[in-house]
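Next up: some structures, all given as structure tokens.
In the two complexes below, chain A is the common chain; its partner is chain B in one and chain C in the other.
Right, the complex of A and B next:
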């Protein structure tokens, strides 16, 4: 019913052209499927929950000009001012801005004076407003109080007494146990830090870090030559508040340089290389599919023109329009199918190379089959218009110029 | 003859506008995508110190945790501790040597309306400018004794001098850094190597620093690095001095060794230094250090990341698909015009002449596709620059070499694509076509 035998012999006469189309589809499948896994991987990475109310937060970094600056009083006065601004929900002081790519990390242990077998965590020095400001979810224990808070100089030796940690860090340090009330230690050190609370999630400073989400917080202000604030605004008020902050802070104390950013921008900057990868690969995939489709259209039209006499003869001998269209569609499916089978093998080979050489994710069979199905439908769609046009060739063609 | 072939080719291209446009577009898109990615990779692989590649070395010492190697490509910490850096500075073997790190200051001027701003600073020894070939516009560097004692002098970048002093020769003038007066001793000319081979810890595509400060001011200003500070052991000493004498690494170190003998001598010196430190209970790991040339340093620090390589290969594969596409279309086009070729053969044209004529036709497509491809890759680079949020502004641009490469690539691709179709058409038997006319 599909006229396979005459079709194959016709294909054999045009074997180079058919082969070229199959080859294009094979290469396209190999590229598209491998690009798809990379894009999927990066999109999943970017979409991970941060645990933070990113879109409502503004970050401020400031550096005072005078040498002997009273940082502790300045921070207290600034926070008071910021928290009383209309549209501001809460504000906190911090040593680093979350999700920004800058931060501090340390190695922690469950036993005193341990030196090996520790776990890494990103840490922040902040105050009791950090949970509300960041929009974190306290799942166990309690928040810091003013009594927990200490102020020290940049060169003082100091060991925090209490800490709040993320659930992820708690699970790593005390698997299967309740972390609240437990103690942990800095390397080679015997001074215990009590875990007084656990927050559900905080992705930390480096979203691409393998240990992202392992975070500890201490109620501490280390006075230094610059400090940072995080400000959470009412939903939708961020941009209004943003415009006022620099002026308000400068009004209170002009002797400093102030730098503002939104947390959304900081986060976008941290994901910038992933985002470039996603966009460039998507553009490549789209263009590639488009070009291949154009190629198929061009070649199908050419074949039909070449065979218009034969089509006329078939129509004169009783073939219906549907027969003619179907012939070209089946022929196209045959070629595309062959190409895609070759492409599936090539995709696996290339993926093997990508995984080993460039530490990219592995290609799953499901993704490969979906990509192949999409390309097959693109190929058939591309052949559709020329195939329908072929059916319009008049039987009278058979009588001309024979 | 070639002129005639070209005019024939243009006529033939106009004869089949849709097919020709498709082919030109395929080559253009392939070349455009390829050149966008290859330009980025090419710019990222530049070595601004190539002319001194044989004499400059980044120094790494293994004084890391006895229990665990440093987590870097060659298992040596990228930077040195302050105490090791100041000890190495005492050696007189290298022609020049630099200990340095990143920092930042607020800048103000006395009796000026200028708004205070923060400037990226490099805290460095005086050899920095000579070792990295930094050109001076006015003045020069500070005296070498400022590397060990607190001397409040500063070298400004051209941009900073333009901003603060309106571009005049400001040597001898005073600016306030973190509220303290510093005397300007030199202004460097525009100098902005990318990748920033001398400091790859921080963004390798960032701009050069705005001010340069002597290395002898750490204790006076209690300076902590604004770059990475990595530690593995807790210092027992208190205060800032405890930090300086601790095991945290935060100082970048480069030496200039002009001869092989000098290098050998310096290697012996480093071996001796580590042995001596071992006796004092430091450097408990196996004796290991590294001297890396700028070119090796760029590779070690993975400036060209895996993602960039993936994109490079992918874009070449993309171009390959475009070439295969062009082969199919050219074949279709040439075979359609086979009767014409048949007539030319019958009139005495040789197979070679037919072959050359069709190759020229495909290279015309290549040139047109290449020109369009350059436009597309400029568009692509603009897009990537936008996406990268200012991180790679310096490198997302094409130089003349890349423009030539784009046209070359396009012509090569279309010649490759035209090879088989042109051969095929030159082999057809003219008599078939003559009969059906």
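Right, the complex of A and C next:
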């Protein structure tokens, strides 16, 4: 038995405090729902498949001390050593470490002698072991061979002859077409680079980049003052191998500075800002919800104290304890419902602004409704204890003079 | 209608136990109009609370309309209050946020009547107390006498067999008090049993019978026309 009409009349006569709580809920819903969208977006970004066997990969960066260092020979010897270590599946050389936030990119064209337009892609100089080392999935064409591989000096002018690209890059360069066998150019008077293979996925150097996943690989070693290796270990062997690598490399050639990391750590560092954003927004959402709950508890207790005589009178007139509890819970639900309806409209307005001004993702009706349902349940839960307290007010309160 | 036998009520704190009613016995018959008087602190309100099922006695037996209500659970006590007892309070105890119609509607909703039945009853009792034209007014827009008439209308709407009035004229001037008293007498003539707690000896004398409570016990009976409480004890 709901006393909606008299309840609404009573609320209308106490509208300021009810409206303040409703507006607090509205604001909370508007903020929480939009924050949820951002958190969802960040979490989805963090959880995106990288295409790489991240948890099994160790990265090595080394810098030789001697000035005239034979980098090509050192790389060949190091890779030979690393590939033969127990627990190592494969190893490759690379100019940059994937997912590390550090890399190189260029603009590419499907036609020669272009300067405007084009598509950006992250690129890597590596060798024929990169697919197995990174655990990539070759979906079309072939891998590099030793014959494709070139070694050049840091100041040499060179145009790669062949490339392997990611499916995403293939799709933007040659939409709806088979990219294998096609050529692309680096602009200006650059020479054609033939696409000989396509890998399913590789997120590239910058997970947060809007073009993340557009990647090209070239079979090339540019000798310079430092080099990087990626070593893939057998599953579960990463930490064991990690401890041995520095010692083995230093033993083979002590004239260099070696730095090791796991790819997992590198990737985590790339997502630091996203993780911080998720944590901060989650804390803000929790805090706001907590404040709303406190507000509802406070207001309900205030109203119950204010109306204790009235509750006693209602009990004297025949209200059961359940009637009294229900009265306050329904009243609270009406206030919360009003606030949440206002909040849903406000959330849409704020989201529209966020989408247009900050390129944030759009707020779906499902997310909005889930957030509203959570806040409604928080509101009802917050009112529950005061409502039960109200139900325990004695009907004898009706005959008390104070 | 109401039969109390050796009712005891005590209130206990950490250090002291107060006996509000001691071996209190009383019978009120159907159709009686009984006034209850006594000095402040004598136990009048405690008697009223127990009679109205607002409080449970510490001991003794209480029969209301033949039913032993001494140890009913809260839900059943609420139901009996709603169905059999009408309350009139000194301070009127109208709900300030509700208009007259909605105030009278409160116990009828708890009774579970449908909207049509409630409306019929509310209009009838408002007519009886002469406030039909004020149905949409708030209590604060009425005089004290009018508010008490609304409270009487609220008590009557459920057609209770037993009306408990706690100083019903205590907050009214003499003219208003007389009007309210006449209304109560009129209601009693319809057959409703009334027990009225009052400080006013003139009002007390207008009842069929007056009971005086002193120190939690019935100490005296006047105008004993219907029954004698001591005979029950």
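The working rule: the second predicted complex is superposed on the first by the 389 of 402 C-alpha atoms of A that agree within 3 Å, B and C clash if a C-alpha of one lies under 4 Å from a C-alpha of the other, contacts with A are read in each partner's own complex, and residues count from 1 in each chain.
The working rule: a residue touches a chain if its C-beta (ideal position, glycine included) is under 8 Å from a C-beta of that chain, and two chains touch if they have at least 3 such contacts.
All of these numbers come straight from a predicted model, not from anything done at the bench.
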{"item": "Combined model on chain A where chain B meets chain C, clash or fit", "value": "fit"}
{"item": "Which of chain B and chain C A:348 touches, first, second, both or neither", "value": "neither"}
{"item": "Touching partner for A:321 - first (chain B), second (chain C), both, neither", "value": "second"}
{"item": "Chain A residues touched by each partner, larger count belonging to chain B or chain C", "value": "B"}
{"item": "Which of chain B and chain C A:292 touches, first, second, both or neither", "value": "first"}
{"item": "Touching partner for A:24 - first (chain B), second (chain C), both, neither", "value": "first"}
{"item": "First, second, both or neither for A:284, with chain B first and chain C second", "value": "first"}
{"item": "First (chain B), second (chain C), both or neither touched by A:313", "value": "second"}
{"item": "Contacts of A:395 with chain B and chain C, given as first, second, both or neither", "value": "second"}
{"item": "Chain B versus chain C as contact partner of A:225, first or second or both or neither", "value": "first"}
{"item": "Shortest CA-CA distance in Å separating chain B from chain C in the superposed model", "value": "11"}
{"item": "Chain B and chain C contact sites that coincide on chain A, given as residue numbers", "value": "none"}
{"item": "For the chain A and chain B complex, residues of the former touching the latter", "value": "16-17, 20-21, 23-24, 27-28, 30-31, 34-35, 38, 63-67, 107, 115-116, 154-157, 186-189, 224-226, 255-257, 259, 268-269, 272-273, 275-277, 279-281, 283-284, 287-288, 291-292, 294-295, 298-299, 302, 305-306, 354, 357-360"}
{"item": "Of chain A, residues touching chain C in the complex", "value": "1, 3, 5-6, 9-10, 13-14, 309-310, 313-321, 323, 394-396, 398-399, 401"}
{"item": "Interfacial residue positions of chain B with respect to chain A in the complex", "value": "18-19, 22, 25-26, 29-30, 33, 37, 67-68, 104, 106, 108, 116-118, 176, 178-180, 222, 224, 232-234, 238-240, 242-243, 305-307, 309-311, 314-315, 317-318, 320-322, 324-325, 327-329, 331-333, 335-336, 383-384, 387-389, 391, 420, 424"}
{"item": "Footprint of chain A on chain C - complex, ascending", "value": "45, 48-49, 52-55, 74-75, 78-79, 81-83, 87, 89-91, 93, 95-99, 102, 105-107, 109-112, 154, 158, 166"}
